[in-house]
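Encoded as structure tokens, here's the structure I'll be asking about.
We just call them A, B, C and D in the order they show up, numbering each chain from 1.
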Amino acid sequence: MTEAAERSPEAGRDRDRIVNLSDGVFAIAITLLVLDIRVPDIPEGMVASELPAALLSLWPKYLGYVLSFAVISTFWIVHHSIFRPIREYDRGLLYLNFLFLMFVAFVPFPTSLLGEYGDHQLPVAIYACALAIGRLLLTAIHWYSTRDDRLVGEPQDPGEVRFYLIRGLAMPVIFLLSIGVSFFSVGAVIWSWVV
Amino acid sequence: MTEAAERSPEAGRDRDRIVNLSDGVFAIAITLLVLDIRVPDIPEGMVASELPAALLSLWPKYLGYVLSFAVISTFWIVHHSIFRPIREYDRGLLYLNFLFLMFVAFVPFPTSLLGEYGDHQLPVAIYACALAIGRLLLTAIHWYSTRDDRLVGEPQDPGEVRFYLIRGLAMPVIFLLSIGVSFFSVGAVIWSWVV
Amino acid sequence: MTEAAERSPEAGRDRDRIVNLSDGVFAIAITLLVLDIRVPDIPEGMVASELPAALLSLWPKYLGYVLSFAVISTFWIVHHSIFRPIREYDRGLLYLNFLFLMFVAFVPFPTSLLGEYGDHQLPVAIYACALAIGRLLLTAIHWYSTRDDRLVGEPQDPGEVRFYLIRGLAMPVIFLLSIGVSFFSVGAVIWSWVV
Amino acid sequence: MTEAAERSPEAGRDRDRIVNLSDGVFAIAITLLVLDIRVPDIPEGMVASELPAALLSLWPKYLGYVLSFAVISTFWIVHHSIFRPIREYDRGLLYLNFLFLMFVAFVPFPTSLLGEYGDHQLPVAIYACALAIGRLLLTAIHWYSTRDDRLVGEPQDPGEVRFYLIRGLAMPVIFLLSIGVSFFSVGAVIWSWVV
């Protein structure tokens, strides 16, 4: 800890740069989602009669947009509270964080798949897997940074850390369980996520 | 306030991260608008004769670009002045802000719809609704953060807050009223927004 | 200045938020340029024989990428040195800056037009106009913020300010003159920009 | 150094703005990579039977995504450790940094090319060249900023600097050597990069 205290403003600014890059990836991934909702192509004479139905038929896209926006927002909130106590960083934290960002930046693809073929089981399973892995990586970052209070500024309450780690495992388990449920009803799974 | 004062630099930096993420979403949403203006596809031999007309016929796209750029800029200016006095934050503020960002990031879609089918009434109504909801969410953030001076650094003048809340309701009302007008003249509505 | 001194850290942070948003728009506009270079579509059996020629024929796209990257970088450097002494801001500065960003974010469209129809005169003229207006807006921001030393932290040397204003008018003039030249030779104009 | 010390907070903030812009470009380039993985287009009745194979056949795209994500992450980590000691900046550093960013922002194109025609030699050579040049520019930034300790806050250990410069030349050499290898086996080259 003394070494940390010595180069504290330096390390703090470096840590900020990691957070800034992560926020950039979050912001872009969340905003790219809208590119998947394409304006329907309707011949000039039939716009008035066909546009309402065409827009309504895009509902899986809207649902995917709202769902993934909510998921990435939740990831951001968790990432935010995990990084709050972190003061130091090392190569391991950098690699784990990049691995996590790789899944955040990937979310638009399974979302697009879900919006296109959401009534089939495979896209639902892929989507659930991608989010479960992303959430597990967040839990890994949390576990890595709080283990022996290595990278955090002040000792953390072990009971509280354990509580968060267990909660961090709950969401992936729910997502993976939902793959099993999706063998019976795909619609039920997606609506349960939204709720 | 004492609790706030105790963890003040901490809370200030966390608040900055919320603002940074929001600015990222603003910057990307505002820049993605240009992707909707596509270069016209003209056979090689006819470029010189047909390009001027083809570029002119894109005017609804240019209009949509300028309009949405102005709207998102205005949202940013209001967001900016609402967050200036905020020192603390809680889950409620985070959720409201993400809900608002969901509408900011969504703006490219109704803009694209307006650029494609702007002479019809439905796209105008959807565009007006999206902006009215976005503006209402900004007002909700303002109301939420200044209620009982909970999240702001220093007590706000109640008269001033009420003035801003009322002004914050005016724009959505105008947008929603314009939907009614659009039953008579779609062009009039869009030009009134630009002005 | 006394009012400025009183709320100085506050105003400094607000100014930083304007700079951050601008940097976001710069970073995105500069990175979107690459989306215009599309991978050529070649039937499976003929890739080995046709890919080299197909990639070479994309050279106007590469040229447009390098040219616009250089232009936006130059805009960033000028924006950077204009905002360095600025300490205060007002509505006028916000509006001028957003108007400028509207042209920065627009650059991918004329670039794309140039990459597609660069051997014609109209795209060259549009490109030159867009950049000239962008550069003029930067000069307007400079003039607006240094007039009577209103928004800058300390009095500026009037001779130096005048020198920069004149230099800021030179580039638009060159770009606009190049439109005249383009009546004679389109290629010469583009190569002169690169140089 | 005295001049540096005099305008130190100023220069520090300016340096931060360069770093912020760079991080923005990194974040966007890394997130745009996903746009290259397109949802396959399958007729409604055959989704259940054909989707698994269609998704599997996208594996060169997934590989390209992971590879380029890893490369840009590595570039970021190196950029990060090169800029850490930098306190001052000049035009030369700005230009070198923009030249480097031009290659970072360009990475999505060779990645896309690799994902489409990865079993041919030319895309592999182009990809290797782009990365080798990017890495060389990073080394140039390092050499430029540490030469005579000009732009760094405190004198650097010459032995350490030399060690990093040599290491900075190793990766480009490996990439360029791999072009030679690719004459024999394209697959071997790509898998060696991943490892």
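Just so it is clear, contacts are C-beta pairs under 8 Å (C-beta built on N, C-alpha and C of every residue); 3 or more make two chains touch, one makes a residue touch a chain.
Keep in mind the model is a prediction, meaning the values are calculated, not measured.
K.L.:
Name the chain whose C-alpha centroid is farthest from the C-alpha centroid of chain D.
P.N.:
Between chain D and every other chain, the largest centroid distance is to B.
K.L.:
When the Cα trace of chain B is superposed on that of chain C, what is the rotation angle, expressed as a multiple of 5 degrees?
P.N.:
Fitting chain B to chain C on C-alpha positions yields an angle of 90 degrees.
K.L.:
Taking all residue numbers at the chain A to chain B contact, is the shared part over half or under half, that is, same or different?
P.N.:
different
K.L.:
Based only on mean CA positions, could you tell me how far chain A sits from chain B in angstrom?
P.N.:
The answer is 24 Å.
K.L.:
Could you work out how far the Cα centre of chain B sits from that of chain D, in whole Å?
P.N.:
34
K.L.:
Which whole number of Å gives the spacing of the CA centres of chain A and chain C?
P.N.:
Computed from C-alpha means, the inter-chain centre distance equals 34 Å.
K.L.:
Among the residues of chain A, which are close enough to touch at least two other chains?
P.N.:
20, 24, 27-28, 32, 35
K.L.:
Within their complex, state which residues of chain B touch chain A.
P.N.:
10, 14, 17, 20-21, 24-25, 27-29, 32, 35, 94, 98, 101-102, 105-106, 108-109, 112-113, 116-117, 120, 122-123, 126
K.L.:
Report the residues of chain B in contact with chain C in the complex, numbered from low to high.
P.N.:
Result: residues 19-20, 23-24, 26-28, 30-35, 37, 39, 42, 47-48, 51-52, 55, 65-66, 69, 73, 76-77, 80, 84 of chain B touch chain C.
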